[in-house]
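What follows are several structures.
You will see two complexes here that share subunit A, one where it goes with subunit B and one where it goes with subunit C.
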Partner chain A sequence: MIAGEFEFFAPPTLADALRLLHEHGSGCKLLAGGMTLVPVMTLGLAQPGAVVSLNHLQGLDGIEDIGHALRLGAMTRHATVGQHPLVLQHAPLLAAAARGIGDVQVRHRGTLGGSLAHAEPAADYLCATATLGARYLLQKQGSERWLGAAEFFVDVMTTALEPDELLTAVEIPKQAAGAGYSHLSLRRVEGAFPIVLASAQIAPGYAQARVGLGGVGPRPVVLDVGDVVQGGLTPAALDALGARAYDAAQQALSDLNGSGDYRREMARVYARRALAAAAAQLPTGGR
Partner chain B sequence: MAFIGKGVPAQNSAALVAGAGLYTGDVKLDRMTHAHVVRSPYAAARILSIDASAALALPGVVAVITGDDLRAKGYAMPVEGFGEGVKPKPFDLYPLAVDRVRFAGEGVAAVIAEDPYTAKQASLLVDVEYEDTDPVVDAERGLAPDSPLVEPDWGSNVLFEARMTSGNAAQIIADAAHTVGGELHHHRYTGAAMEPRAYVGDYDPYRKTLTFWASTQCPHPMRTLLGQTLHLPENNIRVIQPNVGGAFGLKIPYFQEEALIAALSLACGRPVRWIAERREDLLTGGHAREGHFRWQAAYEPDGHVTALKVRYVADVGAPSALAGWGQCYVTGFALPTCYKIRDTDVEVIAVTTNKCAWNAYRGFGKESSSWLMDRVMDAVAQETRLDRTAVRLRNFIQPDEFPYAQNGGAIIDSGDYPKALKRVLEMIDYANFPTLQATARAQGRYIGLGLGQELTPEGCSIAGTARFNGWDGATVRIGPSGEVTVLTGVTSPGTGNETALAQIAADQLGIDLQYVKVIQGDTSICPYGLGNFSSRGVIMGGSAVHIAAGELREKLFKVAGRLLEVSPGDLECEDGKIMLKGAPFRYVDTRDVVTKIYSDCHGAAACGVEPGLEATRYFRHENVYHQPETQGRYSAYPSWANQATALIAEIDPDTGVIKILRYCAVHDSGKIINPLTAEGNVHGGTAQGIGGALYEHLVYDDYGQLTTTTFMDYTLPTAMEIPHIELEHQETLSPFSPLGAKGVGESGITSPLGALCGAVEDALREFDVRIDRLPLSPERVWRAIQSQGGRT
Partner chain C sequence: MKALVKLKVNGRSYEVAVDTRAKLAEMIRDDLRLTGTHIGCGTGSCGACTVLLNGQTVKSCCVLAADANGQEVTTIEGMSKPGELSPLQQCFVDHHGLQCGYCTPGMVLSAHQLLQDNPSPTEDDIRHAIAGNLCRCTGYQNIVKSIRAASET
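Our next item is the complex of A and B:
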């Protein structure tokens, strides 16, 4: 139950929403799926003066094929991302990530944009979209800008979004035909926040290989490891990859689910596993 | 057709599954107000002042009540403890903290408002000035002479201690050629009912009556306690228990909020409703388990354990009117569980700390006794290089030794532990497991098998208290149309015991189950009874129904005998007919007999028989011993269900993650009235046991702050973590209950603890990993492997 009164807006158009954001700035909170905002307001951890719901906006929840990439509206629910034919075909890694979030109810309420803008380091989408080389569209009254993951994610639960800016879309480059992918997570129980996440994508013939890690620091970490696996997934290559993941996880935080030390070790384990799982999907089976 | 033994679906399942259950939260009354509790942010602090003026100024606020207001009214809460001889040191307790707070989350004031949102908002405006003091957050440190004190008047933080000795364990261990010992740490966790605590109090100032709807397990004891607290005659109080969305022991009275909500209604003369938020329930709704064992055992090379010495320090949280801390006493009492070890020396120390008080949680301490014994048996097997099952079989109480006088004073009613263990080993194909394990290992996989042997004393019957005793009542009524109403003093937390009671009545009266309706949970309708705890629904309530229905059956037979011109003793009943034994064609419809009694009481068949068809009878369990001077023993537990469990788990050595591959169990609670609902109980218990062993943990920091106050942090297992449970029942009847039944309400929760520890050690044998602490989180298991050099 939420104590305290607040103004509530449900703008019908994006222009209305951006105008409200412009007027209220940091005094308002955006309500997408409410999977984080509602609990934190219930616990009294957030007490905004105004809440702007994005649930009545038209046109913010579509998935579009724009040629080289998919464009996903920020209000697209996890259940849609996880099952959409375009996502399954062109960004199956993202679909796999979406299918592992929370539980059935969460997946039907929670949104892509809500999760990314909240920027909880162990969220599936941070790791998955960063690994896929996504671009994020930030809009405000009168202007818009595209940022990559390295610019968009700033710190724990902090993004480049200005108080009057809204994340409206995400662009995911299409996965090359014949590529391999994986998205793995270590969780306490089904539906819990991951302790560690690893996403991997490998282009055919090992032309490119990328491993993303989540939950091992304030921001998602993406490792380009094409050089490591040039000669295939040899034990030495996997060891080198693991070592790189371990180094990249220096800022891993401790919490109830695992210490920072454990997370670093799991970064090593999951980076190896994710890349091996992705490689297993290549026509050559990773050999 | 006999209904006992048939897995008929629970009578209230359809309504509950359809969302048509009626819970306390569904109670809506005219002029109803809503309460919100202002809770202490400190674990230990003095309350310097409370300023409610800003809260009172908020439109819609009816009143703000503080602990001082309640003390002025004399609303002290009775603290009964756990009956005669098992009591805490004395302390004052009110529905809200007075002068000082003793745990983070304790209520210091309550806001009553016209709507729940205003109540919560106003609660944030109540300005409480505290002076915080050093909290006690660890039981062992709490025992140190220089520790701060939770109750300064006590002189120490020991709430209760007991020494239970049998024979000469210390000497035997000192002289023994072979001994083994260790430590074992159980962490703090609790049951998490879907429905949090909820109460609606409705005091009528004109009639001076209080109606109290409560998500509780014990309406009648609650009525008694409310009457004592609020100085109301008990017959002016009606406690109603609507459907309950899970209880697990944690809804046994007497919470401060229970007295509080009733007191608030008295204060404002209007109905007051309060429903705990999840955070409040995790913070203040009763915790369980946290404790530390140090143990030592003497054994012989053949695995025979000759003596056991245990020191158990339990962290029972703040002093309260809950009986939960009694769990540590029961842990000691139940040792050495299903084993024949004549020489035992058990020391139990309950230490109070500035944390949420323990309340009863399924298992009620017995889970810790059985877990400890599993660890002892596994350790002896390890030392002797004997098979783990051989050590258990060597030490079991044998089937021909029942009733068996266990060291703590209990008479264990019945059991066949070797048979259950041997059967579960067949189920899991124990003989072939080494091959399976070796094959897996060759593939780089680590699998292990673990054994859990649980013994669950039930039917708690404590001397000197009407809250936890060995009796219960039932009224059975046959109406003029032949329909049967059962009114019972036991209640259901949603587990289906009403269906079992209906089955018992139906069989006793030989009528179809569809004509039997069970009413429970209303003190103005049902006979005085103690409610639901300690797996007693069928043991106590079912037995009372059996004898009350038996009395009506005698009456029916008397009239039927006259109609059939045979002796009542030659009759039997089935399928709505009363018939001559051996000659079923000579029968009379039971309904016609009922009609004779109702409509023709001056006629030939019914004259001389007292009119009416209603019997109220009380059952007292006779396997209880409260007169040590004449009986040579004190025993509060009459009924002893047991279970043998074997599971296979796989450990990921790189991450420490445990996955249960197979779970087999043979459960024995005597006569099973309803296999379907019994299995449901065992499944639920098993899930909670696995949850406790692997996932659930209430974590306090050094300041006494609970850090796990949402289900994101307090990770409950889901259907994905719980394996398929292969379950069989063995029925070793109790000679002490009319139907041979024991309880099933706590079965299953215990054996995952020992079985998972055993499986992890077995899987990681090459690392020589020893498990002495729960929960088995991935990091803990991974670190155990690392500490032994890790995987190469």
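Our next item is the complex of A and C:
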């Protein structure tokens, strides 16, 4: 039983949910999958006056092909993201990230929007969606706005969401045909939260290459490294990439899983591994 | 604060006025008196409270009871008829897949989900499938054996 009293709402429509948010503002918590919120409320670390469940409203889940991109509803569960044919075809990096989250039970219940709005720096979706150049749709009563990762993620567990705003959808640009990708994480055991993450996407012929890092600072870091790998994945290019990742991880935080210095070293290692794994998927096998 | 929850558990319809602070696991045990669902950590780490929610495994200590309104739940009691064991449960008995038994309901539900999704799992598949269920007695070896045996029958 959760100790603190709260009002519980299960609005049937998005308009109802936005109205409740408008009325209750910062005293209210949105409940998506509850994989973080419910344990945190059980431990007394969050004591909202009202909980608005998004599990009963229609139209916030599902995956749609909108031409240049995929549009994913915020309430889409990890298990769906990880296995959906559209995601496997057009954003396989995101599918790989989803399949690595938590365990089977968590993937059945946890949601894309819940994870992104919670903004734990070492969450798989932060690193993966930032690397893919995602846009995030924030809605409130009477208005909406789209933000990129650089604007949406503000600090540790802090996003640009206002107290009366709801993250309703995420748009992921489609991966170019023949591109390579990877999503790697360092964690103690399966189901444990990642310590450091690296996602990579590389276009055919090395026309573009991007490496994203998670868990190495308050927000995801995305590095454009096309210039580094122009001549292919030579040992010198990988060293240069590692050095860039190490520099980008200056703000890495220390906790019981590892010191900031350890995370910086792991940023170097995982950035190299992620890009090499992505390059190995190119038709030329990375050569 | 109370909320009225109408749900189906193991095929039977219930209507319960629950405290909004109650978890699904607590409602199943305390209100419905189905005590096969165990609560270990209460914070989503151990998986003892695993049930099927609309046919998919979830940790019922991380779902609010009020949020189960209109949903269908299957607990360990729904895995077989009273007094009988399902073939999967029998394999746990035959292969010593339990010692103290505290994690067993959750293990059986996770194994049930695996065999539905993938009737011929590898040992690796089995170990990934129970990654969300902790057992402090068996070292997992006999649990994996039990699930493998169930997949071969």
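Following the convention adopted for this analysis, the second predicted complex is superposed on the first by the 287 of 287 C-alpha atoms of A that agree within 3 Å, B and C clash if a C-alpha of one lies under 4 Å from a C-alpha of the other, contacts with A are read in each partner's own complex, and residues count from 1 in each chain.
The working rule: contacts are C-beta pairs under 8 Å (C-beta built on N, C-alpha and C of every residue); 3 or more make two chains touch, one makes a residue touch a chain.
No experiment lies behind these values; they were computed from the predicted model shown.
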Touched partner set for A:108, first subunit B, second subunit C, both or neither: second
Partner chain(s) touched by A:79 [first = subunit B, second = subunit C, both, neither]: second
Subunit B versus subunit C as contact partner of A:56, first or second or both or neither: second
Which superposed partner A:188 touches (first subunit B, second subunit C, both, neither): first
Touched partner set for A:10, first subunit B, second subunit C, both or neither: second
Touched partner set for A:156, first subunit B, second subunit C, both or neither: neither
First, second, both or neither for A:269, with subunit B first and subunit C second: first
Touched partner set for A:34, first subunit B, second subunit C, both or neither: second
Where subunit A meets both subunit C and subunit B, residue numbers: 1-5, 39, 42-43, 103, 190-191
Subunit A contact footprint on subunit C (complex, rising order): 1, 3, 19-23, 26, 42-44, 47, 50, 53, 56-59, 61-64, 66-67, 69-70, 110, 113-114, 128-129, 131-132
Subunit A residues within the subunit C interface of the complex: 1-8, 10, 31, 34-35, 38-39, 42-43, 51, 53, 55-56, 79, 102-106, 108-109, 190-191
Parts of subunit A lying in touch with subunit B, wherever the complex brings them together: 1-5, 39, 42-44, 103, 186, 188-193, 195, 256-259, 262, 265-266, 269
Touch list for subunit B against partner subunit A, complex: 116-117, 120-121, 123-124, 277, 279, 654-655, 657, 695, 697, 699, 707-710, 712-713, 715-721, 777-779, 782-783
